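Chain IDs A, B and C follow the sequence of writing; residue 1 opens each chain.
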């Protein structure tokens, strides 16, 4: 239920203060993670979409998770239309009935005519969601801080003797536990098998213990480049696109270590019961076409989920450098890459989060 | 001064270290608020004083972060929300709070202590608990993620301040004045507007200002109860601090500090006027 | 004895009683709107939270027949064929209603891995054509063949439960239905509660140490000067919490103002910058500054009323300044100390924003975990249980405050 008087009052107030009218009710609301990532979506998806169909797109930020979506669906008051999700949230939300189903057949074929089911890389098409990017968690350091030897492997991240200084890590067990095991010598392909056992979890936490006092924990994706720039940390885990962006757009001398990158997808889903379903679906179809996916890669170094898009990847929109070498999927970067196991985390996430929080509080 | 002038060396040391300590506490109280003001004019996107700033080079200062605020419609949008929510909730809190204070200050009020306990509780219960409860309850009745929901929630938080300040102006209120007025033939409405109203007005206004600033600053309830469309300035600042610290935040903070100083001055002037009116000597 | 009558002939006593009653009703009517408003928009929500801490509807509502059947199950051997059939059928119905995710999530909080067990089972049951559900389910996922799985189902099937309170106190129900400690690497909340009390205690003490001399100074200075200084006390009080927290980040971070000054003065080296924020130190410093006015104001208002003649009398009777101060002045300030300490303690025990922004790992308090379970893990039952415990702690302190000091004595500015 909306109170029209109050709503028009806000709009009037907003306009009086010089706000744009982008907050009108008929706009499509697309929710994403903010910062450079949202900007890449605005440039590659929103602007061309508005140019083609005339519908305004309102862009909002969130910090992941299903809480806000659940609240909207349960209250029957849908204000978001399309959400950019992590794999685990996409699957979980689909099971919980928070998203509309999107059939693969309704998506456009690739530019080379390939069917969507063949064109998208495995795992990118789900019952309720369509993958847009391949992203990865890597660690990065400020190259100005290291004159001689530079960190190169995941073991170096855990080696505070050789590379002293604070590290930034995301305040969740995901990625951190995998890295801890791999730094401790576990092979990439066995990491989830080991992590599924009590002994493996103990081993991972024990490894994390060795750097615990040297870690600053971050929560939002925009924090790690900021922490590096501010000198709060000497190296930090981060999403590769954020670091790329700080390096290119803000001319920072940040270096990415691709060793044992954990890659995953981000997916678009449509909130169940949105009154703007048709518009939302048209937007998802439009943005996940080959050209748009390839176009997004001009703004941020996240790889497209369509094979047909890879050939279309060109140069950075403003800096003019070739984008392919900066993609997580570039052969040189991909050698030791590990796919983040969403099912493992959806099963063990609750318990490992609990243990992780207890470990943090110790 | 506290210590008599005929102190020995030890006494003097004690005296000066006492003054020094107090000075330190005042710096501790105020410096953190004042330090952001010059930093908000930093030309560089850093949070610290650059060399240029220290040597007062004009090019080290700029108003680019204030221009940023003006350019970003999100700030104007949140400002509009903040003002709407704070104004409506202040109005509601002041109206209900003043009536209640009038009732509470009468000696005939039954269950005074218990009722007062309930009315003040929104100020005492940790915000996170209020926010969680309101999130559950307001979602059930369809008020979550709406401005009216936010206004109701903030009005509840503001009422204790109004009750406290208005009750304070009424304590020591000479009830013979109302009796005198009534015995001279004024009806109770006239008595209220001519006698009580002028006396409690300073209390009402400062209570209203307290309620206003409470709503204007509040972020925890907003965090739980507001969607994007209801974002307020503090919510926007929270996102800024957590996600992208840029000196824009400092510019917004500076504006808020100026607003606080204005509000504080108003309340202080009112308080003194009230004390004068009620014959409590201030000098 | 004849009773005194009023002009219209009723006994004066009755008439007075009536008038008194009328005034009581009138007074109450003035308060009623606010009381009603506070009850509806504040007290009800709090009760809803209390209710959520014991409410456990997910399984009881979505698998009602299975749960009813399990109530009669003795829990030693696997349940009978009929129970297996029921759970399979009810899971399919739940799927139609999009409730599987909720069931899976609720069970996964209790035993990790049950989320995928439920999801996998539902997917396979949909395609299953036979009717030996016992065999089929165990084949789909071997955990259905374990007694412990069914015990979890039975326990989580209870409509109302105290398990969230056990979890909030680092306890759990063992397989043999006894209550025991949570395994060592999962214990957390008792520790966080203790930390919250400890931090609040330290903040209270710091505030008292800083506030006492200042209040004394304010109370003894000429009013013109003290009013000016009082504004310095009140300014932080009126400044947005977020602004003050931002300032502390600016001041204390590694490349912040304080570290820069220390480096510039050669007190520390460039590499020796001190970590003053994103840990407990940061929480303590910021919270002390933010809550300091709440200590100064009550102390000041008490000290203002103490006549200097007592001190003079003690001095003239031969007491040293220190002795006069400690023995004569300080005891008279006890009400102010009590009011300030209780107020600061009550406010700091529920602090959320400041620890969240500057607390880092070691500065997180119980409120942060309530927010975490509300916003991230979505374990709302546990959040409600933690909140209820915190609420009772605060209410006890509030009751004490009201008893000892009286809320009507509370002053603002």
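Heads up, the rule we're going with is that contacts are C-beta pairs under 8 Å (C-beta built on N, C-alpha and C of every residue); 3 or more make two chains touch, one makes a residue touch a chain.
Values in this document were obtained by computation on a predicted structure and should not be read as measured data.
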* **Graph class of chain-chain contacts, one of line, ring, star, complete, other** => complete
* Return the chain whose centre of C-alpha atoms lies at maximal distance from the corresponding centre of subunit A. => B
* Structure fact -> By C-beta contact count, B-C versus A-C, the higher one is B-C
* So, what's the distance in Å between the C-alpha centres of subunit B and subunit A? -> 39
* Taking each chain's centre as the mean position of its Cα atoms, how many Å separate subunit A from subunit C? -> 33
* Whole-Å distance, subunit B centre to subunit C centre, using C-alpha means? -> 22
* Going by the touch rule set out above, which residues of subunit B reach two or more other chains? -> 47, 135, 242, 245
* To do: Specify, in ascending order, the residues of subunit C that touch 2 or more different other chains.
  => 253, 255, 374-375
* Structure fact -> Note: subunit A residues in touch with at least two other chains are 230
* To do: Mind listing the subunit C positions that touch subunit B in their complex?
  => 20, 23-24, 26-35, 37-39, 41-49, 52, 210-211, 213-214, 216-217, 220-221, 223-224, 227, 229, 231-251, 253, 255-257, 260, 289, 292-293, 321, 346, 349-353, 357, 367, 370-371, 374-375, 380, 383-384, 387, 390-391, 394, 398, 402, 407-408, 410-413
* Structure fact -> Within their complex, subunit A touches subunit B through residues 1-3, 6, 9-10, 13-14, 16-20, 22-23, 29, 31, 34-35, 60-61, 68, 71-72, 74-77, 79-80, 219-223, 226, 230
* Any idea which subunit B residues touch subunit A in the complex? -> 47, 70, 73, 76-77, 79-81, 83-84, 135, 139, 142, 144-148, 227-229, 239, 242-245
* Asked: What does subunit B use to touch subunit C in their complex?
  -> 1-3, 11, 14, 18-19, 21-22, 25-26, 28-33, 35-36, 39, 46-49, 92, 96-97, 99-100, 102-104, 106, 108-110, 113, 115-122, 124-130, 132-138, 140, 152-153, 155-156, 159, 161, 163-165, 167-168, 171, 206, 210, 213, 216-217, 219-220, 223-224, 234, 237-238, 241-242, 245, 249-250, 253, 256-257, 260-261, 263-265, 267-268, 271-272, 282-283
* Interfacial residue positions of subunit C with respect to subunit A in the complex -> 97-102, 104-105, 108-109, 112-116, 119, 185-188, 191-192, 195, 253-255, 275, 278, 360-361, 364, 369, 372, 374-379
